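A short write-up of the structure that comes next.
Going by the order they are written in, the chains are A, B, C, D, E, F, G, H, I, J, K and L; count residues from 1 in each one.
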Amino acid sequence: MERTYKLIELVGVSEKNYEEAIKNAVAKATETLFGLSWFEVVELRGRIDDNQVVEFQAKLKVAFKLIKS
Amino acid sequence: MERTYKLIELVGVSEKNYEEAIKNAVAKATETLFGLSWFEVVELRGRIDDNQVVEFQAKLKVAFKLIKS
Amino acid sequence: MERTYKLIELVGVSEKNYEEAIKNAVAKATETLFGLSWFEVVELRGRIDDNQVVEFQAKLKVAFKLIKS
Amino acid sequence: MERTYKLIELVGVSEKNYEEAIKNAVAKATETLFGLSWFEVVELRGRIDDNQVVEFQAKLKVAFKLIKS
Amino acid sequence: MERTYKLIELVGVSEKNYEEAIKNAVAKATETLFGLSWFEVVELRGRIDDNQVVEFQAKLKVAFKLIKS
Amino acid sequence: MERTYKLIELVGVSEKNYEEAIKNAVAKATETLFGLSWFEVVELRGRIDDNQVVEFQAKLKVAFKLIKS
Amino acid sequence: MERTYKLIELVGVSEKNYEEAIKNAVAKATETLFGLSWFEVVELRGRIDDNQVVEFQAKLKVAFKLIKS
Amino acid sequence: MERTYKLIELVGVSEKNYEEAIKNAVAKATETLFGLSWFEVVELRGRIDDNQVVEFQAKLKVAFKLIKS
Amino acid sequence: MERTYKLIELVGVSEKNYEEAIKNAVAKATETLFGLSWFEVVELRGRIDDNQVVEFQAKLKVAFKLIKS
Amino acid sequence: MERTYKLIELVGVSEKNYEEAIKNAVAKATETLFGLSWFEVVELRGRIDDNQVVEFQAKLKVAFKLIKS
Amino acid sequence: MERTYKLIELVGVSEKNYEEAIKNAVAKATETLFGLSWFEVVELRGRIDDNQVVEFQAKLKVAFKLIKS
Amino acid sequence: MERTYKLIELVGVSEKNYEEAIKNAVAKATETLFGLSWFEVVELRGRIDDNQVVEFQAKLKVAFKLIKS
């Protein structure tokens, strides 16, 4: 029962949509972290260049279980 | 003129994206409620399993008109 | 270095999804403004009609660089 | 001592002012609920038509005591 | 379907009440803008002078439809 | 996968502490609802009488799964 | 130039409307304080009794100038 | 009917829990104030020393009725 | 008495500090607007380059009086 | 251990910067209060006159220890 | 004087109460971090299973001093 | 395009002003992190000792680019 979760804050980006931006950030997190469990969207922004939306940016908190010591 | 709206809070889920999560919640609400009028997104979260985003979760308030008594 | 940005607040709509709603609002802004640089999502809502989600609405702040006087 | 309150969220409207919008929503709630006890204003908005403020809208949470089972 | 709304932020004042403060701001906005559609109250403040409330101030966002280009 | 949750807002009270206030509200909810799944604390308040804290009040959202139709 | 303001938080009540609730709180403050300058509305609530809105409650911060020492 | 409440902001501390921290702050307030009526929890923090949680800190607003002048 | 203020949102930047960032944004605003009256700081951010804070960015709302029509 | 802190809310002003505005408010507070311990910045605003930022205004909460009774 | 603190975000859980949930998270943090100094409660939630509150969850930020390099 | 940023939360302190507090925290972060890109101010506080503001404390989020794996 006495598990603990840690949350880290990431910004993922995508040319297509926020869901892909989230997936990109989570994929990056999985390179170094185990036991990812959930995420919470904190902020949605984006970049405009030459009159076009060129990037969707999702700031999210990703939670993972700290392993038993 | 003296209409009143009621808002209920739902969480819809989808494997694909937030728009589908919203539509799923609204579809569920239409099973028991009439006169749905608008929704407001309250929170966006999701679940990660086995290193993958497996679920987008949208918490929303759904508003409907209370019928004349 | 001493550039200044102005932000205006818009609501874009789309039948499909929030990304398109954002793009529609940005496209509208480009008709009269130059140098659009980024946007910040402020609120996500939508309209329901006849038991269907018929419209996704994204309120966003769009930032652009004020030209040197 | 072990009473419980439930809060529901309503939007009341009025052509005149926010107090009447609140009273209208509360009056509507009394049609189906007993033991209304207090309300909390959540949001104030309104509609403009033909250059006139035609409607004041008050979103409020209305609390009532759940009866002893 | 692809309409866009713009929101501007105003502070209206009144000696009498917030509803009149809102109406004053909206009336001022109609001098230069067409297609006003709704408003959202952002903040309520006021001024006190000589021990009296002499002014109610309502900060509001006023939304209007951007015309088709 | 396409489950939906509904959240209702309750205020539970206790003479002892917030955990008991939460448990009281949840116990009340279980009288009429099935499938309660989680809660979120929204606000903590309390009542003082005769110089004593006589009541801890926890406002919480309680979520439950809507049954398949 | 080096003036300082202090803000105190009050809840005023009225049977009629929020403007009178504010005025009542400010009038009470003037009994013991000099140099009241502005107020900021923090929260709007109310009490319901016997199916009627019997009281509008405005929580506000009232600011006054601290006198030169 | 025309009563007014004043709220003051306090931080109470306890080695044991937040409820005791709240009670300590309220007890301190009763030394100089009459007619305490309710409190609202604003923030929960704590101090860690030598790898132990040594102190729970509750910031709260305490409301009391201003006496008739 | 029936004056109205409009607020616009700007981001000013400075290599030195937030006060200069604010002054830069206000100076830019005075090129095209009359009757600037106050500002409200909305957000403080900055840019880091090559391990150095190279820019302080202040997002602010600037208010000005709309002229009598 | 059972110490209690009280927080008061002040607005300090300065022609130069926010740090001086804070120091001015704290200096004013020390005229009548003992045991000031920390402050929390609540809001940053300012006044513009004749196209110049003439005043930085910092709203802050100042905390001090209530003496043992 | 030029010390720096880092804050990490954790979720601690407990079957009993929020204070134990906090202590569990802090105890977990002490396994890998030195110099823990304070914590700030960010969110309180919990899990319900079989009509019972089975878990209190406290999301908190834990601060620790970065060691001199 | 598929870059990801991570944000960490720091508190920097300075005897002089918030800009130096921010620079101190960023300088500390550069000891162990590469590719710092921007920061966001989260909270401004300070310490008072012996009637003097002795420390400005800036809580900020510092963002840096995660390197390609």
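Keep in mind that, in the parts below, contacts are C-beta pairs under 8 Å (C-beta built on N, C-alpha and C of every residue); 3 or more make two chains touch, one makes a residue touch a chain.
Because the structure is a prediction, the values reported are computed rather than measured.
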{"item": "Path length in the contact graph (chain E to chain I, fewest steps)", "value": "1"}
{"item": "Contact-pair overlap exceeding half with A-B, pair selected from E-I, G-J or D-G", "value": "D-G"}
{"item": "Computed distance of Cα centres, chain K from chain G, in Å", "value": "38"}
{"item": "Mean-CA-position distance for chain H and chain D (Å)", "value": "30"}
{"item": "Touching two or more other chains - residue numbers and ranges from chain L", "value": "8-9, 17-18"}
{"item": "Contacting chain pairs - touch in the sense defined above", "value": "A-B, A-C, A-K, A-L, B-C, B-D, B-F, C-E, C-I, D-E, D-F, D-G, E-G, E-I, F-H, F-K, G-H, G-J, H-J, H-K, I-J, I-L, J-L, K-L"}
{"item": "Residues of chain B that touch chain C when the two form their complex", "value": "17-19, 22-23, 26-27, 30, 36-41, 62"}
{"item": "Contact footprint of chain A on chain L as seen in their complex", "value": "1-9, 61, 63, 66, 69"}
{"item": "Residues of chain F defined as touching chain D within the complex", "value": "8-15, 24-25, 28-29, 31, 55, 59"}
{"item": "Partner chain F, residues of chain K touching it in the complex", "value": "16-18, 43-48, 51-53, 56"}
